[in-house]
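Below you will find the structure I want to go over with you.
The first chain written gets the first letter, and so on, giving A, B, C, D and E; residue counts start at 1 in each chain.
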Amino acid sequence: MRKYGIADTTFSRVDMGKIAYKIIRDEDDEAEIIRYTVPGIKDLPVAAKRLIDEGCDGVITLGWVGKTMLDKYSYLATSIGLIIVQILTSKHVIDVTIHEDEADSEEKLKEIAIDRTSKHARNLVKLVKEGKNALTKYAGKGLRQGFRDAGEID
Amino acid sequence: MRKYGIADTTFSRVDMGKIAYKIIRDEDDEAEIIRYTVPGIKDLPVAAKRLIDEGCDGVITLGWVGKTMLDKYSYLATSIGLIIVQILTSKHVIDVTIHEDEADSEEKLKEIAIDRTSKHARNLVKLVKEGKNALTKYAGKGLRQGFRDAGEID
Amino acid sequence: MRKYGIADTTFSRVDMGKIAYKIIRDEDDEAEIIRYTVPGIKDLPVAAKRLIDEGCDGVITLGWVGKTMLDKYSYLATSIGLIIVQILTSKHVIDVTIHEDEADSEEKLKEIAIDRTSKHARNLVKLVKEGKNALTKYAGKGLRQGFRDAGEID
Amino acid sequence: MRKYGIADTTFSRVDMGKIAYKIIRDEDDEAEIIRYTVPGIKDLPVAAKRLIDEGCDGVITLGWVGKTMLDKYSYLATSIGLIIVQILTSKHVIDVTIHEDEADSEEKLKEIAIDRTSKHARNLVKLVKEGKNALTKYAGKGLRQGFRDAGEID
Amino acid sequence: MRKYGIADTTFSRVDMGKIAYKIIRDEDDEAEIIRYTVPGIKDLPVAAKRLIDEGCDGVITLGWVGKTMLDKYSYLATSIGLIIVQILTSKHVIDVTIHEDEADSEEKLKEIAIDRTSKHARNLVKLVKEGKNALTKYAGKGLRQGFRDAGEID
């Protein structure tokens, strides 16, 4: 049976874990889904690692990042960590990150969070269920998560 | 028996190790708590690693960072290191960092240090004692350490 | 039989995977070529790792990066990840990256993408087929991908 | 018998290796001390690793960094490397770094180099000889190396 | 028999590999020297790793870096990679990097490239042939590669 992991944070201002759960359940109704909540983004790599240790075939992490330079350095360290987890385990960890300075209003920020989480949860299921060519028909199509697709050039 | 590690520094201007010890003792009175003091933040990853080598189920690190760009680079290197320790051991290392430029007065800085250390020490105990869903009821709630909670959007 | 991997993204606005496939096929018509499509650049290191796990002798990754500082941090994290994959596997992962701010027009951007992908696909085949001295005659020649060669000094 | 490693560079403008040697010898007169000299800071992580491979219980590295942004990037890469050495070996590598832009005069820079090297050489011996609580009485005391102690807040 | 590796690029505008070869041959006329040419700096870590896999006792890498911020990020990622190769293999990889913005004229840039390559090729041979104290007499002497030595303070 397929097993998905969701790692989210108490720092986030939107309950993206709930959204991801719903989407994954809709897309793969027989799968097992395990959720893991940590304080902040820098705790996400170990959460992803532990979820994979428990047998998850793929993980989605749901990070929320503040506006300062230090928050961005934390984002960078976390991104490197999430990539290392994937390299060491050969499993996908799809990384959803919301930056507080991406939008001018809280309303818009929430919209972005919902859209990005939903689309990437679907991406994760596709990759886990169907494998390396599940997304190939969209290759080079300029897909975006949280915003409108940019589209293919030409 | 649960075993917690506390790694702190002589660079810090607040004895956060003592605060973390008290909180962890209050929250888990049967646990063993081991403290490890190093000169500065860049020594924290190996201290955390050695605490885990000794059997700690989780570690809290207590860093204090200066104001210059170089201090921030050291913060970045340390953050990457702490994340790698966690990935290689599959244990939580909750990272408390105080930046000297977070507040205008020493008094305020100390308040932040106490609040952040206390809250994250509680987070560590929750994760170690109760596991991956201990914090799920706070997921997306905009919790903050050192400052007032930002709260959930809406 | 030689085996090449192509990892591309749905974020990209040009279907560089198709271009890389054609070039590799032209340059090494007996080889097996495996394509792997992921959402964005941060997913490329694990895709490369999985392609190597499947037996690829070398991989080309085809990334597309936005204009913001955060996109550049993602580029940095990805670059570190791709290098780690190579170090751990001792296989080449030739990294093609297109930055949206490299050109003023979409047309020019597409030209760069085609040129860079084509040249690096050829580089990959040369390294995989002929090994460490396949490119030595061009050493120090100031070759560029995406732009005109800079040439050797003097 | 305890074994200490000293890794220094030919780039440095002060012979910090000699200073570190003298201090370690004074603090632990029975110990074996091994010195390793490399060209610049980016060579320090492998020197530290090789010293630990030879049986060193702890290492002090003595780096000197120029003023440009690129020098600072080299500092960052080196810092990450030194932390990884420590994580992989579970041994302390105390990192002394002098930045050429820390002081306005050569005289002052030399003073900083001597002070920082001396204090950290003592820190290393304390950690190696007495272990994780050797420095705990100074935890949170705002100790500084190269400059006057900042002191504890309050 | 000693074995040296040289990793260079087609991006470089000076054939530094040839210079390094000549110097290493002059300094150690019985040694085996293996050359590996890759497209750009981000390919150097795996080239160094593969050279060490083939039995090289030490490697010199010869990188050439453009002027943009992105080039500098590539430099940072490469530097981290080269340090990781060294840590994992315990072998020296002496890193020669030329930055296009180091000099105002091509002529000067070439001079820097020749000087830096030559001096570091000698450093590599010294470290490989004579070991950890081969350079100790120059410790703290402010040696520079590509520029005039800064000299020891005082």
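In the analysis below, a contact is a pair of C-beta atoms (placed from the backbone, for glycine too) under 8 Å apart; a residue touches a chain by one contact, two chains touch by 3 or more.
For reference, the UniProt names are A, B, C, D, E = Riboflavin synthase.
What you are looking at is a predicted structure, and each value in this text was computed from that prediction instead of being measured.
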| item | value |
| --- | --- |
| Degree value of the rotation bringing chain A (Riboflavin synthase) onto chain C (Riboflavin synthase), based on Cα positions, nearest 5 | 70 |
| Chain centre separation (chain D (Riboflavin synthase), chain E (Riboflavin synthase); CA means) in Å | 24 |
| Intercentroid distance (Cα basis), chain D (Riboflavin synthase) paired with chain C (Riboflavin synthase), Å | 40 |
| Chain D (Riboflavin synthase) residues counted as touching two or more neighbouring chains | 76, 80, 84 |
| Sequence of touching chains round the ring, chain A (Riboflavin synthase) onward through chain C (Riboflavin synthase) | A, C, E, D, B |
| Of all residues in chain D (Riboflavin synthase), those that touch chain B (Riboflavin synthase) in their complex | 72, 75-76, 79-80, 82-84, 86-87, 90-95, 99, 120, 123, 127, 132-136, 138-145, 150-154 |
| Of chain E (Riboflavin synthase), residues touching chain C (Riboflavin synthase) in the complex | 8-18, 34-39, 42-43, 45-47, 49-51, 53, 69-70, 73-74, 76-78, 80-81, 84-85, 88, 106-107, 109-110 |
